[in-house]
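In what follows, chain A forms one complex with chain B and a second complex with chain C.
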Partner chain A sequence: MNNFAFQTAASAKQATGAFRDDKQAAYLAGGTTLLDLMKLNVLQPSQLVDINSLPYRGITETPDGLRIGAMERMSDVGENALVMQQYPAISESLLLAASPQLRNMASIGGNLLQRTRCGYFRDTAFPCNKRQPGSGCPAINGENRNHAILGTSDQCIATYPGDLAVALIALDAVLHLESAKGKARRVPLLDFYLTPGNTPQRETTLEPGELITAVTVPAAEHARKSKYLKVRDRASYAFALVSAAVGLDVQGGTIRSARVALGSVGTKPWRAQAAEQLLVGKAATEANFRAAAALALQGARPHKHNAFKVELAQNTLVRALQDVAG
Partner chain B sequence: MSSEPKFFEQPAGGVVGKPMDRVDGRAKVTGAARYSAEFALPGLTYAVLVTSAMANAKVSLDTTQAEKAPGVLAVYTHLNIPPLAVLPNSPDKPKGWSPPMKYMPLSNNEVQYANQPIAVVIADALERAQHAATLVKVSYQAAEPIASFEDPKAKLFDPQAIQDGKTAGHTVRGNPKEALAQSAVQHKATYTHAINHHNPLEPAATTAFWEGNRLTVYDATQGITRTQTSLAATFGLAREQVRVITQYLGGGFGCKGSCWPHTVLAAQVARGVGRPVKLVLTRPQMFTSVGHREDQTQTLQVGATKEGKLTALIHEKTSTTSPWDNYAESNSKIIGMLYACPNFEASYQLARANVMPSTFMRAPGEAPGSFAIESSLDDIAYQLGIDPIEIRLRNYAEKDSNDGKAWSSKSLKECYARGAELFGWSKRNPKPGQTRDGRYLVGMGMATASYPVHSSQGTARVRLFADGRAVVQSGATDLGTGTYTVMTQTSADVLGLPPDRIRFELGDTTLPTAPNSGGSVAAGTVSSSIFVAAQDVWRKVKELARADSKSPLYRAKMDDIIVEGGTLMLKKDRSKAEPFAAILERARLTDIESTGMGRYGAGFEGDDKTTDQNSQPKTYSMHSFGAHFCEVRVDPELGTVRVTRWVGVHGAGRILNAKTARSQMIGGAIFGIGAALMEATERDQNFARYVNADLAGYHVPVQADIPDMTIEFVDEKDPYINAMGVKGIGELGMVGVAAAVANAVYHATGKRIRSLPITPDKLLGTAATV
Partner chain C sequence: MHPDTFDPTAGGPPPEQRPDDGSRRTFIKQASGILGLAVAPPFISQAEKLAAYTGKVEGATEMKLKVNGSIRTLRLEPRVTLLDALRENLNLTGSKKGCDQGQCGACTVLVDGRRVNSCLTLAITTQGKEITTIEGLAKGEELHPMQAAFLKHDGFQCGYCTPGQICSAVACVQEGHTKNDAEIREWMSGNLCRCGAYPNIVAAIKEVAGKGDGKS
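Let's turn to the complex of A and B:
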């Protein structure tokens, strides 16, 4: 680990101010990803700005839906009664993630910025285009069982590994951001994450110094009837091999609205809108779920060790849809 | 000579075998127990290893910046590290040098495996050493590495012998090829096993300091004597100049069973800086510093009659070894002994790769070997329509086929019967893929467990005080399995004292020498050493009494005196009795002590040897046996496997503590379930470097993976093993576990998985087939 400066921000202004002259600064919330990667020398920020005292708190019901302060902890949101009852996929995605200790530390804003678990990215002895642009991607011809099959490029096939973002992106969540200049803006989560393309080092549209202040999720019947299903190598405390977040509004056997997203198969949390469109107006049957799942995986590009994800992702989607259809 | 018992008989009210709580439990949960990284010596400094990014290279290092970093005392590379007296890679390798590595990092500018240490930074604080380590500049002159036996560049060779020459590389019994060709049933299958790492909770750690020419190390080792011997050899010291202390160990599973380079490096740099040095390996470094279970493939050909009786077994194993040694787990031993089979052949092939040596890992050889034989036998049982237990009984070995010897004891039939009863085996639908529970396919499988009793000997000292207390010592180690506790129980019973009057000490080379705690030998060796030492203490007390005119036992014959609960008495007239304390008091002795040597295993049957038909002392094959029963629920669409029930029944001689033994058998089963379902270290085939070297990427089972387990031992009295009749249980619980799981998965799905671990990707498509 390298030496770094440390300050505690008492206000958003003070926090964002740190970035004015220092592009290498980093915000510290729960620290569960940042400190880990600093110890591995993957991240070497010049200074850490502790934002834990910023007032981005609260899990509240608004006229439009749900509002979660960015500094809320994963465990508090996951166990919140409103979230559990009205947005079960969000609660499930949080409670199936990490371990209780990590969930008690990690913030919602920080969780959305979770970095990939690609072993090549995490070990500085390897080349990695994401960590060191232009150095190469050993995963493409390497150990890529955990890697992405959607949204990849010939520069990077690293998976977005998180859970919460998959549920949020399915349910049309919107991020509330505040820039270094004090300007607020809203970005649908769908537009927030980037595929690697030729710039795998850029993972989101977040500007340097910009803060996530809150996440809002619109209320909807498909949110109330939503589910997060996670398949992994062990029963708990593991990243997903494949996950699915789905929501269905079924009236009289006919699907009125559908939400479908996949985790750990894409280079970003993967919303499958074509699959949703296929489902709307159709009967909630296994055949239709299968067709939607096939469409969701269309264009998948597997590598040597991760071809199984194509089938597993479809099965996971079908299972999740069956479960919410009841 | 005397009537001293040769074999331990439990006294009335004795505590051996009872589920006594751990005597060190309080020290551990309160933090009072100190592990090897927890000795805050005055002037302590901290070492951090700089390791190689490349797996095959020559390095040149620039340490200028690192040396200038705050708090740094020294930066050592191959150019300036204090030299060893003898290098392990020199032809005149020192006697007593027992590490598994024939190569010492920092002895030259070469790198032979990824993450090999290439420099050591010592600073006055850990964080300062860590920071300075990042400032060491390394230039590599790299060559393409060989990653494994599967690498196209790798050259396979016949090693002639494996395991440092201890095991033959090729074994033949009977005429296996011909027998196989003539067999009604011919079965051939290939099994693969992922790289596994031991991953004990406590990482390797060494705290070393010198006083002149005397070296002391607190080292996380399963064998203080082996570490002492190795350090003495490399530094050109006498053994007595090296002291090794290991009071507590947070697991080992074999990876702490040898003296590895980091321990030597810690002692080297401590000599260089002239201060105590602490070196704790990071979790990623644990994957490249203390060995692993090697990547391997086994092909097993089985011949059998239509009745399922084995006629031939031909086993071939191919695996990866390091650039210097010929290590391979000896998988074939269990394949050759587990069942009666007249024709058997085993051979090994190795390929050198740029990896650090593999080493013994819990049930080395027996674990992967049993996966092969127990899976193949299961296959044949289904093929012939024979119950999996029945086919094992039809092939029941009445003697050890490997050496033709009779068993010293074997309770396997009882284990099958009791396990089947506890599990409800008879209720199982014999057809695979037929049992459903909602969306899950339910499967039940079983497998045999066995582990040999390795010969061993050790010593213990018993010091009995006139006030009714005793200190018992042996230079053993406690891996966390309960050695402190079971030796306290043993000491209590052999001395006739309550256990709270016993203090048992271990883990210091100043104590009587004991063997490595490995190969399941510790419990049997140390407990029988204590038994022998205690007998000698009583002999001395008897001598005192016989010579003491004030004693009721004055002039009694040795053979006529017995000891019960610390009281000496005449066998024929128990009214002539006296507590030992009175005898010592009159003799003006505050205490009396003896050292005893306990011997254990085949060849050490002792005076109780019977003779064979040629009047030669009869020797025995010594093994423990058991049976695992496993139920799984497989989700056929998602490929997930959950173990939902587990029954293990074992016969392992005398059980010293019902509670710690049960824990150890549960631990063995969990260890095996890990290997069966999830444990795999992935080595990049281009870089010969691991890509998941941490506990997030390398999955070991968590609570949610493990059901409540039923574990039982059958009563087994074995007078040949040792004075205590203890076989040892460290490895037994793991052997056969992977096969029991795979057999249950087959029964659930009709799909045979021969490649460990059985992860969801391997079971996809199952839904369509059932």
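Let's turn to the complex of A and C:
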């Protein structure tokens, strides 16, 4: 690992100030992705700014729903009673992610900013358009079993690997951000992640030096009746092959509202709004769930090793919908 | 042991709040607590820590780590991980470097009572926290119940993953994630064992959890 300067930020002002002076600085929260990638020389920040002392804490019920401070840890949010009862998909996505140790370390803000797990991105011996724009993408004609089938470009087919963002994007979460100039803004998570297009190095709309301060999720019946289903090669402690986050409000057998998102199939956490629209007003039957799942995967473009994801994702989605429809 | 040190044997209240049974163990704890106080300088408060480290650090810098109850002063670069500080600078080689990427759990230690991967933790960020390693679990010659249970159930073969397994298992019991075998396996999934001693590890954890506070 290259050496770097280090400071502990006592305030957001100090943290963002460090960025004004040093464009190569990086924020350190749990460090579980950052230090891993620094050891591989994939990331080489000149300075780490420890933001763990910033007061972005609390898991609270607000008049509008749920508010999670960005510095809360995955384990604490995953086992929080309010989250478990009112937003089960969020709790499940956290407790099925990583390991107990990593969940104790990783912050909510950092989790949402985790990088792709494409093996070529992680290995500096290979070119990678995400790591070094214009150098090429060996995954397109290489090992691509874990890669994306939705939202890809001829520059990048890496899949977004996380779990939490899939559940949050299904439940209309909003990110609260603070800019380097101290200006606050809110961004729906749906507008936060970017598909690679011609700029695969840019994964989110976060500005340099901007901090995530909190995540809010509106309360809703489809949030209370939500689920995160993760399918893996191993029983535990593995990234998803595919995952589904769903929420349904079913009254008298008819679907009043639906939320559908997929993980590890898209280049970003993949919300399937067309599938949701298809379900609203319909009966909660397997046939309708199958039709919605087919629509969600309609634009899929598999590569050599990941064609299995098309069917696996549909089956995962159907099972998740059946589970919440109960 | 410093009196406010995290007590890995707990399940119940910290030792000083337990009814005084007048046992040898209690006496040793109290005695070593007093001794610990005499040796250790007053520990820096959170506020002092912030004041000391809000400035930018470049290159090697002095840091104080509280490991297994005693304060250790080191001069390290900010890039040094907690694992390397323990192994290379403090000669606490119980914690193992397996993958060095947070994937195997061999480096698991407890920081403020929570299990973490010390390979993905910078030493400089653990100042002001209680670090407990495998070396800090036994009370003198008396093994921690989890260490004894691993021996009894043969919860290892080559032993390389064992210190991480035991630290993780101590936390797993404290967290109460020991309802049944499946729950123990799920909550121990961050610790890999290439010898495949998993059934015996589960048996050891089950025994300790069962003896503890009825969470099993």
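Note that the second predicted complex is superposed on the first by the 326 of 326 C-alpha atoms of A that agree within 3 Å, B and C clash if a C-alpha of one lies under 4 Å from a C-alpha of the other, contacts with A are read in each partner's own complex, and residues count from 1 in each chain.
Here, contacts are C-beta pairs under 8 Å (C-beta built on N, C-alpha and C of every residue); 3 or more make two chains touch, one makes a residue touch a chain.
Since we're looking at a predicted model, the values are computed, not measured.
Asks: Quick check for you: in the superposed arrangement, does A:Y120 touch first (chain B), second (chain C), both or neither?
Replies: After superposing on A, A:Y120 lies in contact with chain B but is clear of chain C.
Asks: Applying the document's definition of touch, where does A:M1 land relative to chain B and chain C: first, second, both, or neither?
Replies: both
Asks: Once the shared chain is lined up, is A:Q273 touching chain B (first), chain C (second), both, or neither of them?
Replies: In the superposed model, A:Q273 contacts neither chain B nor chain C.
Asks: Answer with first, second, both or neither: which of chain B and chain C does A:T285 touch in the superposed model?
Replies: neither
Asks: Who does A:S236 touch here: chain B (first), chain C (second), both, or neither?
Replies: In the superposition, A:S236 contacts both chain B and chain C.
Asks: Look at A:Q201 in the shared chain and tell me whether it touches chain B only, chain C only, both, or neither; answer first, second, both or neither.
Replies: In the superposition, A:Q201 contacts neither chain B nor chain C.
Asks: Given the touch rule stated above, what does A:E143 touch, chain B (first), chain C (second), both, or neither?
Replies: So A:E143 only meets chain B here.
Asks: Tell me the contact category for A:V318 with respect to chain B and chain C: first, second, both or neither.
Replies: In the superposed model, A:V318 contacts chain B only, not chain C.
Asks: Identify the overlap between the chain B-contacting and the chain C-contacting residues of chain A.
Replies: 1-3, 235-237
Asks: Taking the touch rule as given, give the residues of chain A at its contact with chain B in the complex, in rising order.
Replies: Those residues of chain A that touch chain B are 1-3, 41, 117, 119-120, 123-126, 138, 141-143, 145, 231, 233-239, 241, 308, 311-312, 315-316, 318-319.
Asks: If you look only at chain C, which of its residues touch chain A in the complex?
Replies: Per the stated touch rule, the residues are 49-50, 53-59, 77-79, 81, 100-102, 105, 108, 114-117, 120-122, 124-125, 168, 171-172, 175, 177, 185-191.
Asks: Any idea which chain A residues touch chain C in the complex?
Replies: Chain A residues touching chain C: 1-10, 14, 18, 28, 31-32, 35-36, 39, 47-48, 50, 52-53, 75, 98-102, 104-105, 235-237.
Asks: Can you list the residues on chain B that touch chain A in the complex?
Replies: Answer in residue numbers: 53-54, 114-115, 127, 130-131, 134, 284, 637-640, 642, 677-678, 682-687, 689-693, 696-697, 699, 701-705, 757, 759-761, 764-765, 767.
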